[in-house]
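Going by the order they are written in, the chains are A, B, C, D, E, F, G and H; count residues from 1 in each one.
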Amino acid sequence: RKRNNDRPVDTSSPVIQAFQLFQDELDLKHNKHERLVKMSRDITIESKRIIFLLHRIVGAEDPASILDQALEKLKIVQQTKFHPVAMELQNEDPYQFIRAYTAGVQEYIEALSFYYYLKEKRLITLEEVQRDLFFNGPLVEQDDCKQMKSDTAEVKGDNSMSILITPVDFMLGLADLTGELMRLSINSAGAGDLDVPFSVCDFLKTIQTGFMTFGNLCKEVSKKMYTLKQSLQKVETACYTLQIRGSEVPKHMLADILSTATMS
Amino acid sequence: MSNTTPATDIFAAFRSHLEAEQELREEIRVVVRELEQTAREIQTELQAVHQQNGIKNISVLCEKSYSMFDVVREQLTKLSQKIPLNQYYRFHDHWRFVIQRLSFLAAFLKFLQSEQLISREDTANLLGVKVDKNDGFQLDLEDYLMGLLTLSNELARLAVNSVTAGDCFLPVKIAKFVGELDSGFRLLNLKNDSLRKRFDGLKYDLKKVEEIVYDLTIRGLKPKDGATGDIN
Amino acid sequence: MSNTTPATDIFAAFRSHLEAEQELREEIRVVVRELEQTAREIQTELQAVHQQNGIKNISVLCEKSYSMFDVVREQLTKLSQKIPLNQYYRFHDHWRFVIQRLSFLAAFLKFLQSEQLISREDTANLLGVKVDKNDGFQLDLEDYLMGLLTLSNELARLAVNSVTAGDCFLPVKIAKFVGELDSGFRLLNLKNDSLRKRFDGLKYDLKKVEEIVYDLTIRGLKPKDGATGDIN
Amino acid sequence: MSNTTPATDIFAAFRSHLEAEQELREEIRVVVRELEQTAREIQTELQAVHQQNGIKNISVLCEKSYSMFDVVREQLTKLSQKIPLNQYYRFHDHWRFVIQRLSFLAAFLKFLQSEQLISREDTANLLGVKVDKNDGFQLDLEDYLMGLLTLSNELARLAVNSVTAGDCFLPVKIAKFVGELDSGFRLLNLKNDSLRKRFDGLKYDLKKVEEIVYDLTIRGLKPKDGATGDIN
Amino acid sequence: MSNTTPATDIFAAFRSHLEAEQELREEIRVVVRELEQTAREIQTELQAVHQQNGIKNISVLCEKSYSMFDVVREQLTKLSQKIPLNQYYRFHDHWRFVIQRLSFLAAFLKFLQSEQLISREDTANLLGVKVDKNDGFQLDLEDYLMGLLTLSNELARLAVNSVTAGDCFLPVKIAKFVGELDSGFRLLNLKNDSLRKRFDGLKYDLKKVEEIVYDLTIRGLKPKDGATGDIN
Amino acid sequence: MSNTTPATDIFAAFRSHLEAEQELREEIRVVVRELEQTAREIQTELQAVHQQNGIKNISVLCEKSYSMFDVVREQLTKLSQKIPLNQYYRFHDHWRFVIQRLSFLAAFLKFLQSEQLISREDTANLLGVKVDKNDGFQLDLEDYLMGLLTLSNELARLAVNSVTAGDCFLPVKIAKFVGELDSGFRLLNLKNDSLRKRFDGLKYDLKKVEEIVYDLTIRGLKPKDGATGDIN
Amino acid sequence: RKRNNDRPVDTSSPVIQAFQLFQDELDLKHNKHERLVKMSRDITIESKRIIFLLHRIVGAEDPASILDQALEKLKIVQQTKFHPVAMELQNEDPYQFIRAYTAGVQEYIEALSFYYYLKEKRLITLEEVQRDLFFNGPLVEQDDCKQMKSDTAEVKGDNSMSILITPVDFMLGLADLTGELMRLSINSAGAGDLDVPFSVCDFLKTIQTGFMTFGNLCKEVSKKMYTLKQSLQKVETACYTLQIRGSEVPKHMLADILSTATMS
Amino acid sequence: MSNTTPATDIFAAFRSHLEAEQELREEIRVVVRELEQTAREIQTELQAVHQQNGIKNISVLCEKSYSMFDVVREQLTKLSQKIPLNQYYRFHDHWRFVIQRLSFLAAFLKFLQSEQLISREDTANLLGVKVDKNDGFQLDLEDYLMGLLTLSNELARLAVNSVTAGDCFLPVKIAKFVGELDSGFRLLNLKNDSLRKRFDGLKYDLKKVEEIVYDLTIRGLKPKDGATGDIN
């Protein structure tokens, strides 16, 4: 937008001339920042939706189909949301803009690692996260990215791009994962599931022990330790309740009873 | 431009004084960070007691943790050598937190070994510091008490997990122990400070373990004298 | 119901320990309150310098204030006798504030008498405490420095009021003095603490007195060498 | 790394990552502290310009300060060698503050020498860093701008003190310069960040120097072309 | 000083405007207090359902509570007449809390009568307000949802007490209803606000009622089709 | 006092007023501290009821606690003599807390003895104070009510522990009692004050005891008329 | 208002019976409290208006008439606002309700002492404040107090009533007075007045010295010391400015110039 | 679990409702950002009045700025179309700041053109919004008043610069205008809010312009009727 014409300022002044250049540079940066914030917000919303979807696995008739749906949505996020981010960051120091999109990345890691846990009952690795975020070539032309390209630095010939996932973002995503695992565990306990709460409990203890070894090396992670502890405590209490409830009826009877109970 | 006014001379002297102090603080911070690392390792070790099979291996865990206190003693000696006798409280805030945590760990270890309350002397010995302020680098009474309050919280959690692990004896013992701690702290006339606030936490811990014993009782799981208390 | 578990015995001992400490703190508070009263009286005395005719009576004011430091020395001696050598910093927060204020008053007095910076030794002597930590109850360096920063603020106010009272010499002397203080503090490598924050205040004080000298200059009131500087 | 990396390996890898980072940050901190010391020394040097006879010796002051930038260049080179390519902004917060201060000092020096605005390129050259981030360790645009805003504050103070020192030309030049800076900054689309907040300060600086020119004008002291502007 | 400039006229008008607003806020506060009183009375009425014989008299309780909503409608009409259509949100904070409570009571009543979820329209009708913002004083969506979350908590308690009162049907119906509420809320993308926080509580309500159904199931007390479900 | 009292006299008068007040407050604080000590001792005594064999010895415990109120009456008389007529509320904050605690203890004692609600008059008599403020040092209604809310919390805990101790009667009685308290408090028009906040706590206590009765009911342990309710 | 009928509660229960009495007592107290808060708010508003009125004395043609108006308004506040307060407090421990009306009392003291300062250039005494607040007999029947009387405890035969002004409220009122004095001083300086700022400055210094002697004996007063110090500093700066401005023109000329200047 | 209960349908509707609101807020933010840009441009334009030759070209500046309000009206119309009539205050915080600034600019423009106070109606017209809340998107009274307080500050600065630029008429007019503003605001009974705080600043603006008039008066520069008032 040409808003600099007809300025009442003395455009012959060298000061003003210099500042006009500064203005362009700052605007370029701010606009990129704004676009990244917007993309990050979209990624956050989509990731949250995936997490909500995954929670429906509790008591679902066809859990596998839910996992399939989630995977598909994750792929879509990668291709339609992260690819544009990667384009914005091409040839940039990624740390310059990291604050703009870190929230989205963390929420995405939360969703992806939740999917992994449900599918493979294990922790995802940073490499596995990173693997999905390599892209080749520019985006297929789409309406909403035309405009963007016009004021980004022109797309270079180099076709490969990726998004840097910092170890800290990875860990913070995992820290948030524990909150979702707690929810999963409580919901499962509510649905009378006797296994999930216990395995989640073990898993959370592993994560907590892992986090404990960092000490105060990473402040952002430390800040989440309190919430993590609370989540763990909730899961432990849930397991305790299941255990103590289970004590009132012989194990083999329980299975029968519950199978009829959850049917209704 | 050096205009050597009297003021500048005076301040030049202060500068080296302040820099020396900053350096000492830096050194303290380094040792304290190492101590925290050791404390964390002991804690990680003892955490295993909360796991399904941890309760069965208590004695092994305890032995290992016990031997890790050797490092603590070394590091605290190193620290104490840096601090002039009369400046303990000048720098107290630097190690207050870690020493409270170590006190807690010592008390936790003692409970796991013998279901007894560790004394302040034993804690000081295990940590390699003095009890009496006049003897040198000491274990401040409030720090020791803070450790005990942390213990009550940990034990409440342990009561939950031991039931989950199928042990119905431990919760009853914990309830008794925390009840005694509660009676003990009630004797103290605590001011409105952090100790008082944490003591309020102890009341919750007590309530929690009492509820666990209730849960066991109402389901007939509370072990009678001589029973095994295994619910699996 | 006295079930004398081992726990209760242990805690009964702690109780008397904690109570003794609380009593000591209470005693400290009483003496500190007296000290604050004395400090307030000296300050009230010295405040008169801001009044219309105060500047003309500086020497009388100073003499009287000086003699009031006798009481300060007595009270600080009384206080120091209560504190075990190695626990100065345990209770430091109780008197930190009043000792900073007394340092300020000593420095203010010195400036009014001689337009010079008081040294840390002279401050300690006037207050009746030691400079070196190893000699006993001392004047902590940071408390002394804090007093100087309070002084710069008071002098900025005095510069304003002395112009109002018709004295154009004093502001110029104050500007020179505060400028030197500023250079002095610039030599120190202050951390991000309260000292640093107050030092930022000194910069404002300096700016303010520079502006006063500016106001005098532009109106031709700035005294030349040997002038009387009276604008009335 | 096999796709069933155990959780403990993942955490161990993260921990060593954090430790390596901590070490690097520690090294950066050391160099930055040295830089701050140098910056403080240059600033102390340039402060002399506010003194009575400082304005008369501007060229000497400038020369000396200029030569002190040799050290700055050395230290910044040392710093830049520690930073991996494309990780400038990872550690930016460590040196952001000192580089802003150095930018200010460079701009101040330039103004004292020539009453002109230093360009971003010249600042970078004086500091021994790059302008374009693709060329290496650079001078961030916002840091350079922050330096200019600090300059406006310093110049407002200088306007006051130059009148005191009898120079009525400098304030008029400063008013013009700060006015131009103000127009320049108004072109920028500042977010609600620290730059914006400091820009609000520039408005006060401008008002201050406008008032000084007003004071000179109304007293007929504002120099016309070719006047000497000496009020003493 | 002439006191009838145009400016004074203008300001006199503003003054009465500002005073009118303060008065309006006062009036709103009075009506809201009355509403709170009515809400409290309805709640006291409905509380009886938790008592031993309350569950047997549900229909009587409901009728009586239902008729008390007449007063609510009157009071809300009175309130809405005070608020200009387009200033609802200017004063929203005044009645937000009470309208959430009334929504809860409406939803509780509806559940007791028919075991169904009250719609937003029916709630608005019962309260005598509009659903659509364009039609006048409305029921804000978030306030309605907040009422539903309060309901889930109340129902969990009711499930407990209905078992005590010997009714094994109600818990099963409650479990179904709360389960549906939970599914519903999961569809919403709640921000991290008060709604979200309360939604996290719903999970525990659900768990609680599921546990009750479990308790009934393992004891063979869960009513099959046509069973009476009486355990006393 | 002439109508041209100099300002200094006015301030001097105020200062002596403040000093007299401070002294009186100090005296009050001393007596209150003694009262707190007595309250703590009674509470420690009554705590025993939560222990395994405490419930069996209720009458002994009660008798002993009852006699300890002699000291309370003495101390409160001593306190009341210090307070000038119609200045009760001037110093109320000093004893508000301890009198609430004593009210609680009186109510707890009464419940243990007779399972009844203590009246305000009986509480006042036991404490040795008046009910009507015109008769002298009184028991403020809100303090009495606060004591009742503390009681509900203690009883919830007692319900848990009595089941553990094998008594299934007490929880049912407690549930009835807390339910009545709840109905009573619902009648009150509480402002947004501490009473209101604690009343929210009563709701939790009620829920807790309702759940205990539920637990007993579903396991067929709830005593019918004439049953023994012993689960061990 | 009878709202207790048709209660679903068991009115035969002794607990409920007791609580119904408590309810009445609490309501009585709360209502009195509410009424006092409302009266206090009215007193505050009126006192603020009087202060605004008094500020118009700067540059006024007839200062005496402004003082007269203010005095009249003060009398009205005493008779129509404080008298009802006194009636509410008859036979009560005044400290029980002091929080309800302390704000009004303080603002009133601020207004009254401001009036005194302007009229007599001195500090009012507590006795003088108290003197105006003795009342004899009940209010003359007025519409807006009828309703009030109906639910207050019936007016006793004793005809004399007063409102207790605590020394602390008195001092807090004076502390706020210093803010108004600062405004007076700045406004006067703006209007070219050469005397008021200087006499206010002396007066403020006296007050500050007085307050300084209290130390921390009274927390509420201590809290206001910072504002007081700032006010004093503003006045000192104003005096400084006047003094330095005055230096540029001989005193006798200045009076002439200013008298013409303020005319315009 | 059947997934088409009535509950799910209801909640699906709520979901889209909540999402629509989030989107609306996003759109508002975008338009507000554009408005801020326009406001900044108008302000830059009007700033020129402070420059040496700006005062001579007032009419040109005003014309140009006036025409820039076309854009403001367009943008505010665009904004107002997004906001349902009765939800103005729901989103008020989004545009409160920019509308205050635009009010200020309108008032500044009006003063420069005619030395008169702009009325609220004229401001609303220039901005293209309504005065009366019932007519649509309006100019809130407090926002308009805030604009006037910003104006007084700008005019104080202009008074200084107009003297520098040799115009002695304008300061006198400004003094009269700011005096009237001050009288006006004194009529309002402002609460202790942001308006009150800014009003306290007006007093200083008034003092400043009065001082300028004084400076002109004592130097005989204050223009009498028909004088030119040029001091250069």
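Heads up, the rule we're going with is that a contact is a pair of C-beta atoms (placed from the backbone, for glycine too) under 8 Å apart; a residue touches a chain by one contact, two chains touch by 3 or more.
Nothing here was measured: the structure is a model prediction, and the numbers come from that model.
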Hop across touching chains from chain C and tell me the fewest hops that reach chain G.
1
For the pairs G-H and A-D, output the one whose chains share more C-beta pairs in contact.
A-D
Would you kindly say which chain has the C-alpha centre located farthest from the C-alpha centre of chain C?
E
Using Cα averages as centroids, what's the distance between chain E and chain H in whole Å?
42
How far is the middle of chain B from the middle of chain E, if each middle is the mean of its Cα atoms, in Å?
47
Quick one: chain D and chain H, Cα centre-to-centre, how many Å?
34
Per-residue multi-chain contacts in chain H, two or more chains
1, 37, 44, 47, 187, 189, 215
Give me the residue numbers in chain G that touch at least two other chains, ranges are fine.
7, 9, 213, 248
So in the complex, the part of chain F that touches chain B is made up of which residues?
37, 40, 43-44, 47, 50-51, 157, 160-161, 163-164, 166, 212, 215-216, 219, 221, 231
For chain G, which residues count as touching chain F in their complex?
4, 7, 9-10, 13-16, 18-20, 22-23, 25-27, 30, 91, 93-96, 98, 122-123, 125-128, 167, 170-171, 206-207, 210-211, 213-214, 217-218
Touching residues on chain B, where the partner in the complex is chain C:
3, 5-8, 10-12, 14-15, 17-19, 22, 84-92, 116-117, 119-120, 133-134, 141, 145, 180-181, 183-185, 187-191
In the complex with chain B, residue positions of chain A that touch it
201-202, 205, 208-209, 212-213, 215-216, 233, 236-237, 239-240, 243-244, 247-248
Show me the residue ranges of chain A that touch chain E in the complex, using the header's touch definition.
45, 48-49, 52, 55-56, 183, 186-187, 189-192, 238, 241, 245, 248-249, 253-254, 257-258, 260-261
